[in-house]
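Okay, handing you the structure first.
We call the chains A, B, C and D, going by the order they appear; numbering starts again at 1 in every chain.
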Amino acid sequence: MTRPSDRQINSDLIRPLLHTSWRFYLLVLFFGGIVLTAIGTWFYQAYSGYGVTGIKWPVFWGFYITSFVFWIGISHAGTLISAILRLVQAEWRRPVTRCAEVITVFALMIGALFPIAHLGRPWLFFWLAPYPSERLIWPNFRSPLVWDFFAINTYLTGSVLFLLLPMIPDFAVIRDKSTGLRRRIYGALSMGWRGTPKQWHRLETAMSIMAVVILPVAVSVHTIVSFDFSMAPVPMWQSTIFGPYFVAGAIFSGIAGLIIAMAFLRKFLHLEAYLLPVHFENLGKLMLVMAVLWGYFVFNERLVTYYGNEPAEMAVFWRTQRESFAPLYWTMVVCNFVLPVILMGIKYTRKTITGCVIASLGVVVGMWLERFLIIVPSLGHKYLPYAYGIYRPRVLEVVIAGATFAAIVLLYVLFAKVVPIISMWELKTPEHEPGHGDQAPEVQALREVQP
Amino acid sequence: MPRWGMAADLDRCTGCGACVTACHAENNISTVGPYQAMRGRAKHWIRVERYWEGEFPDVRLKFRPVMCQQCGNAPCEPVCPTYASQHTEDGLNAQVYNRCIGTRYCANACPYTVRFFDFFNPEWDKPLHLQLNPDVSLREVGVMEKCTFCVQRIKAATIQAKADETELKDGDIKPACVQSCPAQALVFGDLNDPESAVSRLSESPRGSKLLEDLGTHPAVTYLSRQTQV
Amino acid sequence: MTTVRPSSLLALVACACAWLAAVGCGYIDTTVPPPPLTGPGLPGESRAVLTTARPNLRAALDDFLVRRPEPVQPIEFPHNIHVGKQIACTEYCHESVTTGPVAGLPSVRTCMICHNAIATDRPRIQQITQWRKEGKDIAWQRVYGFPAPSHVRFNHAPHVRAEVSCETCHGPIGQQTVAQRTVDHTMGFCVNCHKEKQAPLDCLTCHF
Amino acid sequence: MDRRSFIKLTAVSGTTAALASCGNPENQLVRFVPDEDIVPGQATWKPGVCPLCASGCGLTVRVMDADKDVVRDGQAGVVTIYAAKKLEGSTDHPVNHGGLCTRGQASIQVTYHPDRITQPLKRSGARGEAKYDPISWDDAVTELVGRLDALVSAGNQRALALLGQARTGHRALVVQQFLQRFGAPAPVRWEIFGDDLLRRANALSFGRAQLPTFDLANARFALSFGADFLGTWNSPVSQSHGYGAMRQGRAGIRGAFVQVEARMSQTGANADRWVPVRPGTDGVLALGLAHLLMAAKVGAPDAAGRAGALIEGWSAGLPAYTPDAVEKLTGVAAAKVERLAREMAEQRPGLAMIGGPALAHTNGLFSALAVNALNALLGSVDQPGGLSFTPQFNVAAAAKAAGPAPDAGASLEELAAGILAGGAGAPQVLMIDGANPVFAAPKAWRVRDALENVPYIVSFGSFLDETSALADLILPDHSFLESWAENVPESGSAVAVATVAPPAMAPLHQTRATVDVLLDVGRRLQTPLNLPWESMEALLGITFATLPPSTEGGDAWSEAQEKGGWWGALPAALVAAPSGAASASTVAPASGFAPAAFVEPQFDGDPAQYPMHLLPYASTTFYDGSAAHLPWLQEMPDPLTSAMWSSWVEVNPTTATKLGIRDGDLVDVTSAHGTLQSTAVLTPGIAPDIVAMPMGQGHTQFTRYATGRGENPASLLAPLTEATTGALAWAATRVKIARAGDPDGRLVLFAGGKNEEGRHGPGEEHR
């Protein structure tokens, strides 16, 4: 297959920035509307009192925390994966990395909103942060929630850096290709990038350092999220497996999210030439591995509970296996295991983008269910049967939780409007192609500047 | 420094529910009304659990009053990010309303499910509000509340004793539930005082703690109901 | 766009179906609260409600920012004169302070004990005498005291017994005419004093 | 949008008022001068008397300052008052010993109820429309006086009737004297769960027409036939106190307790053994036990004396009641009967009680007499660990009230019939004092129609309920905290008691004490009644002055006001006659009474068409429905079902499966007299041929909290009465049930699971 020329790359990838079609406005209008509705709904909730949700005694966590865990999980798509790929120098990563990292940043932003949205007194959320007050009271550092706060912030900062660094050369390119206000803005963003060897060198070093640093953070984030549950003496929550279980699940759902995002970008921005089926196939392989891993974890968790045969845990166990929550549970198993293993296991379906997308959609649904099934059945079924209860979400929660999907699309669309969704300079310097590797990057950068 | 504790004699408890109403009256617990009650928002700091055993005609029923167990090693405390749920020197699990931001994490962590959340600002149809006890805060929307062992009575008695320069005697302090109980099934006192009635009852061979194996070290001892038939 | 319409339509339809199914099977709580109590009751029946809700967003904001407007007293009560006349604060006007939690703001009845006879020619005295006639009390406004959301149960008596002087918390009230808020009752203020005096410090000392 | 989510303008003002903390809105408040000097923030404790049932528990009322909203000459403001804050049981009171039941705890809400009638009202709309106009006290009393004068001038004094609750003591005395001197018939006393039948039986067996007092604390064995003595029957708090002592009060001794009933009550739930028995055959089981005890020579037949003589075949050792015969009749296995007899023989002292549903059958008197005889046989009468009768303080004698002993009042049934029959004897003016028969009486008595035919009805109630909603004039009474409260407990105490308490707080509204109103009316009639007392306070002063003071040279009256009553040994002169003037029923001489024998109880409804027995029972929270207007009680989870704010039908699971009824389903309950739809609660603690419903809900008119909530089983009741005494046999109705639909959320449960290892407990699915 022929690789598009550098000029081709520029024109293809910068086109969406320079020309805006009516579809763009339509999309923004549609998804923006949904997001605004959700924000309004949330203000209504904060104003009226938390009771307008379906949360009740004894199920005190529901849709919001589920969505929180889910989005934090999705955020493991980008930074983590692209960091790994960078480190192992997987060449096929090049078109993928940025749209992956973007998912991380946005998913984190959305996920981090939920702990605030679910507070009984959201206007006091800043008490989670350590700040000197006349009360001389700091947050309780024993509480996993406080560590969530730190972990998420660290990961978000790291991811933003990780995303921004490789943008600089591209900003420079756009700067040079545009005029007027836009030129000035991108000029500022590109921080005076001239593509000197020094700058290139610094960029590369920074990237490799970041790649190494971000890995443990990424892993720690979802481990800490899992502590939210494993630290409380609730049946089926207090499990040593939760750390790796959550991380695996997170990466799993992350990849699925990434595949879907790539598929959409490919269609909307006509990037057929850059996001090739092989990329999907590779990610599909990765997803296959994670599906199997996930299956192992779930099987392990269930088996251990079953053999442990602790009454309270068995109550929850049966409730999910064959009582009120069974339909959801088995849907989850199909979506998370059966579907991806079959579709990604068979070469034919794995090679088709549709196959990958279908499997990914299944995984996204399944992983959301997984979080729901971890949280709700246990809470509704703690130790004293007198205090059993059933949680039913109210429309309001469904709207807010659902609107976050619209939110990420919206953010993505807007992002794709201001930044080339594929790292141009990385495309242009494929070491594996002879005749290009010898050219120093800055030469190309300079070459681009001349019209 | 005392360690406040309670003993509930299930052989005396008749399940009449006097303690439940007494608690509402003492602690300004608002009634939420039928609709919210149906949605699981009713607040009963103390509840009388009942459990059926057997089938007709060989049926038995067990009553068990359950209030906050004021655990010595409380799961609700470490999880609270703002120290709203916090341990005091005399062994109470304080619930500090003004520090509570409503994560409801403590309620999830509590294995006894004795914590209740204010889903809305509590309301009293006037003039019912004239009954409100000025010694107890009115909670507001978004905070967690639970049994306090009637801390306001503990404080009042302690301050009074200090004023009279006397020692607190066993039985001086009676939480509302203890005071109301017609069958005197509930006993309250200082577990660090070996002579107090509650310590002696806690030593009883009939005594056991609720969900003891979770390692929460509850301050409430349940004296099992005997069967001689 | 044309290329994606079928798939997006499909997605929309799927969502709709899922939604209907969820609602149909009662998985989603769609109950509606009963309408508020309306219609005329019996004569004299009360429809008013006491809640801890703030009256309006402004008040809520004030609470949030710990903003409190300076109190405006119905009459300019000269503390300095009364203290100057050796009228002990805790004996006549704030008498319950030594025995109970609340200091108590004197009713006009208290004032009239003396002012039936004393200084009856002063306009302020005539003012309160007038009120007394109308059966109106003096609507004193608290100068200190903790806002409801702080959930502080402060008890004066133990502090008086511990010989904490009034001035410690209420400032040089003896020199003031109308009481001014000169001391800021922050939690830090209380805690520091409790630390010095080795008074109990756990939250339940004040918050319950 | 949820009403609760609105932000109320009344908010912070109220909050600060309630909390005595600071707040800006004080700026806008108008303050009125309090009527008394108020010391803020400090509690005082005053005596009180619990009004909710006849037990007469002594209270300690915590009184503190509070800010009350008032409107004075058109100006809204607040005034500081002394308000009752909390009710506690009075620790040294011989009835409740410091305890107080859930209803007693909640009774404080009677005073502060938002729908309480705040002033005299005159009907403006049609009967039962509950439309009223305010009217001044003077006009109101004048109007009533006018009506009564009209009767006098017409020479038709007997056309005045009063309908009230069964209560004893000073208030009852004043009412009775008022009517007697006016020339009206004695008051009609009615409660659906009234125990007149048992009083009658005790009069026959023991010559004491009053409810017994049980010394559970010293008993080794307690056998209860359907008596919910820990929840609602007789003197529950006193009995609970004794029960606690019986179980764990004595070192090394634990009293045993067996409950005989067809539906497990809250009391039955505490029994060591629960023995279901066929409805209306409790007496047979009692005699079966007596038979075995006599056979075992535990007691000789004549030991039972008069009580035994009332039972046919007693002297012969009850040959007809062999275990096998008993098994046939009662459905209790012979082995069980023998075991029970053995235990009673071994574990002495023992006692037997009977009450509630066991007596609510057409043969109730027989059952009562049988149990009395059993007690007599055990020699447990007037013995430690047995039953005794509280010496009654003869209020009438102490008050030097002239006139002959009062005759028994007519029954509600007779009253209603009389009105409907019309004619000269029919009441022209009806006074209603606390009773609510329109709610609780069987439809067939047509009480409502009857009342609608009464030309003029006066109600003294504090709330608008189904009955007082028919009144033309409402003269609201003080609440028990605002007026002189008194009670002469009929039972529950070993020594004689007279409880009394001065007002704990000033009246909240424009109300007046009914007794004072009656006295006032008596004075203002054209031909005054010359009732010798100025007011309730005066009357109490007179009666209590006659009692011996505890200290030499002391004054019983002032002592009583301080400690909330008088108790101790009564001087003989003040002891009420054994016949019990306190009670409405009279005593037939034992000789003139044909020995009682078991007759099959009759049930209303054809067994083929109505296969089930309906058991309406006194709710632990609402009693007979008179407490259903208190929000605390509405929201208190029922001890057995954990239901709040709702009513339900208890069905045995096996029956339910047969009828295809699942837990929480809607069911139609139909009797020959009506039908209702409620929610099924499956519980193992009920016989398969019985459905039980709690009384209390289903009010059509009873304040914002109870109106239109749940269903009222009384609407199904048949008008069957006990053969000899004419007491309503409220457990003798047959019904059929059928599934009517899926759960619709009207049943509000607090609990999830029903069983401790209740993994698959149906309650799990509660909504």
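The rule is simple: a residue touches a chain if its C-beta (ideal position, glycine included) is under 8 Å from a C-beta of that chain, and two chains touch if they have at least 3 such contacts.
If you're wondering where the values come from, they're calculated on a predicted model, not measured in any experiment.
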Chain nearest the overall Cα centroid: B
Chain pair, most C-beta pairs within the contact cut-off: B-D
Remotest chain, chain C as reference, centres from CA atoms: A
Inter-centroid spacing, chain B versus chain A (mean Cα positions, whole Å): 44
Centroid distance [mean C-alpha coordinates] between chain C and chain B, Å: 28
Chain centre separation in whole Å, for chain D relative to chain A (CA means): 66
Distance from chain D to chain B - Cα centre to Cα centre, in angstrom: 30
Residues of chain A touching at least two other chains: 48-49, 51, 54, 385-387, 389, 392
Chain C residues counted as touching two or more neighbouring chains: 26, 29, 31, 33-34, 46-53, 101, 148, 152
Multi-chain contact sites of chain B, meaning residues that touch two or more partners: 34, 36, 38-39, 42, 47, 49-51, 83, 99, 120-121, 123, 125-129, 132, 137-138, 141
Chain-level touch network, classified as line, ring, star, complete or other: complete
Footprint of chain D on chain B - complex, ascending: 9, 11-12, 14-18, 20-22, 24-26, 31-34, 36-38, 42, 44, 47-57, 59-63, 120-121, 123, 125-134, 137-138, 176, 179-185, 223, 226-229
Residue ranges of chain A in contact with chain B within the complex: 48-51, 54-61, 115, 118-122, 124-125, 127-128, 137, 139-140, 142-146, 149, 228, 231-234, 379, 382-387, 389
Residues of chain B touching chain C in the complex: 34-35, 38-39, 83, 86, 88-89, 92, 94, 96-99, 121-129, 132, 135-141, 148, 151-152, 155, 159, 162-163
Interface residues, chain B side, partner chain A - complex: 36, 39-42, 47, 49-51, 66, 75, 78-83, 99-105, 107-109, 111-113, 116-121, 141-144, 211, 214, 216
Partner chain C, residues of chain A touching it in the complex: 23, 54, 123, 134-136, 267-268, 392-395, 398
